[in-house]
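A short worksheet on the structure shown next.
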Amino acid sequence: MARSATKAKPTSEKKPIERVEHEGLLDVRNLTTYFKLGVGDVKAVQDVSFTLQRGESLGLAGESGCGKTTAALSLLKLLPENGRIVSGDILFDGRNLAKRTEYGMSKIRWKEISIIFQGAMNALNPVKETGKQVAEPIQLHEGLSEKQAMVRVRELYDLVGINPKRVMDFPHQLSGGMRQRAMIAMSLACNPKLVIGDEPTTALDVMVQAQILELIARLRKELDLSFILISHDLSVMAETCDKGVVMYAGEVVESGTTTDIFNHATHPYTRQLIKAFPNIHEKREMVSSIKGDPPNLISPPAGCAFCPRCDERIASCETEHPGLTEVERGHFVRCVHAKARTMDGFVPGDEAAPDQEGV
Amino acid sequence: MDKRRYFIRKVLNAVLTIILVASFNFALFRILPGDPARLLLPKGKTDPSVIEKQRKTFNLDKPMWQQFVYYWRDTVRGEFGMSFSEKRPVTEVVAERIWPTVLLVGVGTVFATVVGMIMGVFAGWRRNGTYDIVSTNLGMVLYAMPTFWFGLLMIMLFATKLRWFPTGRMEEPGVELSGFASFQSLMKHLFLPAFTFAIAYVGEYHLIMRSSITGVMKEDFALTARAKGLSENAVLWRHVVPNAMLPTVTIVMMNLGFVMSGAILAESVFNWPGLGLLSYDSMQKRDYPVMQAVFLIASIAVIVANLIADIMYYYLDPRVQA
Amino acid sequence: MIPRRFRNWIIFWTIIVWCVLELLTYPKTVPITSGISEVIKGFFSASVGAYPAWVMLLLAVVCFAAGAVGLVRRSKAKSFNVLLLVEGAVFLAWGVLAGGGGVDGWSAAANNISYNWAIQTVVVILGGACVWLWAAGNPERAELTTWNTHQVWKLYRANWQGMVGLGILVVFILMALLAPFLADHALLDPNAQIKDPATGELFGPYHPPTTYYYNWFGTDQVGQSVLTQFIWSARISLMVGLLAAFMSTVLGAGIGIAAGFYGGWQGEGWMRLTDAFLVIPWLPLAMVLAAAWGQNYWMIILIIGITSWPGTARVIRSDVLRVRELSFIERAKAIGSSNRHIMTKHVLPNVMPLIFANLVLVVAIAILSETTLSFLGLGDPLNFSWGTMLHYAWVNGAAGLPAWWYLLPPGIAIILVVLAFTFIGTAYDEVLDPKLRKREDSTSESRFTSRGEPAIAVAGGAGVGGGGGIFTPGQQTDDAMPDFNKPAGGSIGRPEGGGWVGGHIADDEKEGK
């Protein structure tokens, strides 16, 4: 199966991989991240693979605690002290970030990959002027003086739609939406190749959410950004991203283009996730929520992780861990029913690793 | 809120509290058991005519509300009556004791703040590391330790055994020194009491700073700073420490108000001629006029320190200015 | 018949009450030389019997009154009320027997009679049974005050600091309780200098330690045994610390709850009072009070109690403010519950654990305060405490000798006991901390309070005593990302980020439907 096929990837090379062949900008292969806890390791991210081309956008979706934020933080190696990347490669622009030192990473961070955190009220330092915080990475990575950097900051503020006069405002003086705009301005400060948005709209009210999503979409078009959006809301992902990855309990359960995922959702989890959020374009329905809790990630279940909460479970779900199955071109699903639900007319070719295909 | 309104409100608040505390001071020395006129006399003087005279001088024969008015008049004028152990006006006795206390407390506080906070920053930064475990447990022990006991140990070790420092007082009795020699002698006398005074606060500030740093490091902006590519040191000193300072500064300033307790102990143990020793001596001699004055000064010190803390907070934390 | 879940709780409080009673009574009449059986009898008869007969009469009246009121109002626990009447009768009999009747007899000591130890045993057993029956008769109320001893202990046991603190404390409490067995009280007499059994001569003042038991810690300025003083001092130090902290916590919690619960001018008034007390420097105030009120340890307890409550009041108030906003209180208000009802049935059980954690931390401060006052010579001149020992060592120039054996033991004992209480308080705080406890949530949540109300949380920043917020609960342990252990919100129907409280409020709302 796809799982075993990808196991053979060269992950244990002694020499750090530099300059490998790559597809596109980012190629995450079999990323596995654990947190050490007194009781055991929390297997937060297991065997996650995806790719991203230049100018493309990818959405990572799932419930809180499913490992999507950890996956994103692993890209920048910003894990807390007890977290570590156990195996896997992160090939970014020809370099393997998984093998980089802390010093090496500090050259990548923000200059090449920047991140917009959830709820900018906490992501901005409350006792520092926002403009100075935006200027900080410019000074650091481009060696400019604060004065020169501030010129740039004003331009950025203009770009994201804040009055440039407000550069010397403190975070508490800005509204929630403006703080998030400032955060976006900060993420663009060093013209990064990749921007990660970690729930960039979650803490905002609906009107502002729409504005911020619009802003992101506009900036993506104008600046030709590569973008990873992390969200628990599939509809946001569908509207903003080209490709999507749905995660559950640290694993990829479904991946493909957002149209495929949204229109032909195959994994029971994805379907319930779609149902859990009302679609603003359709008539109002009762929002259903997914019953039960995600599994304990210290000792994940032997079979399918979603089994206890699944409406369509069969006997083998409890014991067998399903692999990823391709149900249509570039659309992979981790479910026993996947084979039966292959799209009409699609014949899975050779069992190629999914990460070498589109996703 | 604009700056002026904030300051005016804080100052008014402080003035109101001072009035409250001074009134409490008035009440305190009247609700104590026994005749206040007797209390304001040295022990053993029971001659009725003396008591009567005392009653007159302190207006204790007047009704309560008049006494209250007189009390305020005297307090505002800075008159606290006569110290009966020294046979001098209380104001005079207190005035000459203020500077030694300020010197001791100032040096001690600066030392405790700097050392305690730096220790705390590193402990919080490398949480659960060897340094953290050692220094935090040390901090707990220092916090749990009675100040005066540590002072006695210091005397035992450095003054009695090693003879590096004198056992007490501010200068050698009967020795006239001038210039650098007198400064040197002062420093020598100051070292042990100031160190003793500071040591309890070192533990406290260490623990506060550590827990504050740990809290701030969990904030998202610390992660943002790391994501920006800042080095660990830059994250710590530029983003984490300024935020972690806020609660610590408040507590340092509030403690500064409560220095009287520390000063009483350190000064009594080392015979340092400050307000603390004065209040200890007057307590022993039941010299109530002096105790009353010292009590008022100590209370006002707390209120003023709180006011300064509020003002400092205004400049340190921009959120207050909103 | 007896609910198993109250067992630990009853045993726990019985032990604490007994310890306090035992420490309070200070049996001076049991010289160790009078034979081991006498000492044992004296030891067990001491705690209640040391009081005069009129105290027995008073206790009898209290028991009769409580029992009668219960019976008249037809309360649920009938057998409890009957037993209360029996207990009152036993007290009355004790008082009459000890006093022998007559007006003057009531001031006689209750342990005058030779079999008082037997009566004492009956009283204690009856008292225990009363508590037991009360708990059985009022399971809901009992549960509100027990807050699950099992669960707390299970979590507490995992905290090594807490266990170390408990260990140290048990050692010192045992030392204090067993003082009559460990050292002869007669050696505390000002004229009782100790002799070297080898030579038969007095050790004399400031003799360094030798291997002779009573000279393990050397002698003091008049040639008395420091070890004896050290052992007997533990009683006063611990007892004063516990009672003063208890008093301060009761005051502080009462005012804190009032300040938090009542809005408007009432709450504001209580808060003003707290703030005003907070700025009064405690040592000068305590010195003035101690100098004026005379020196015995009851006064010290009173003084520490009334000068150290504002810190507690502030902490409790902030927690009450939090609890007040929880939805079940809103609901109780909506269905027209009285303020009194809400306060005692909803608010108090929810802040109770915090009050208890705070009490433990205040004990540490109270012990330090007692030591400080005694050191300054304001302690009880008749009873030794560690502070008094240090006072004598100081004024008699032990530091100049240097007589380290006189200075070190009391100081180290104070540090250890204060650390022990601090460790226990901090560990208990952590046990109550929602972030930490989340791990156990799915199983234990409903057991923390009786009706599925949001379990108890400790608001951060417990500022105890002078400084404030050193041992901030919540920031101590949570090193891992708890998110992965057991995700917060149960469902994803609502936006994320509700956090712990959000999850629970959601549960509560569900229940309300």
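Quick notes
Here the chain labels run A, B and C in written order, and each chain numbers its own residues starting at 1.
Simple rule for what comes next: contacts are C-beta pairs under 8 Å (C-beta built on N, C-alpha and C of every residue); 3 or more make two chains touch, one makes a residue touch a chain.
Worth saying up front: this structure is predicted, and the values here are computed from it rather than measured.
Taking the mean of each chain's C-alpha atoms as its centre, the chain lying closest to the overall protein C-alpha centroid is C.
Among the inter-chain contacts, the highest number of C-beta pairs connects B-C. Mean C-alpha positions place chain A and chain C at a centre distance of 53 Å. Chain B and chain C, compared by their mean Cα positions, are separated by 30 Å.
Within chain C, residues 479 each touch two or more of the remaining chains. Multi-chain contact residues of chain B, defined as those touching 2 or more other chains: none present. Residue positions of chain A touching 2 or more other chains: 118-119. Interface residues of chain C, counted against chain B in their complex, comprise 275-276, 279-285, 287-289, 291-293, 364, 368, 371-372, 375-378, 387, 390, 393-394, 398-402, 404, 407, 410-411, 414-415, 418-419, 422, 466-472, 475-476, 479.
Put simply, chain A touches chain B in their complex at residues 76, 78, 105-111, 114-115, 117-119, 122-128, 136-137, 140-141, 170, 172-173, 186. Against chain A, the residues of chain B that register as touching in their complex are 219-221, 223-231, 239, 242-243, 246, 316-319, 322.
Here chain B touches chain C in the complex through residues 17, 20-21, 24, 28-29, 32-34, 39, 127-128, 140-141, 143-146, 148-149, 152-153, 155-157, 159-161, 167, 204, 207-208, 211, 214-215, 247, 251, 254-255, 257-258, 260-261, 264-265, 268-269, 279-280, 283-284, 286, 291, 294-295, 298-299, 301-303, 306, going by the rule given at the top.
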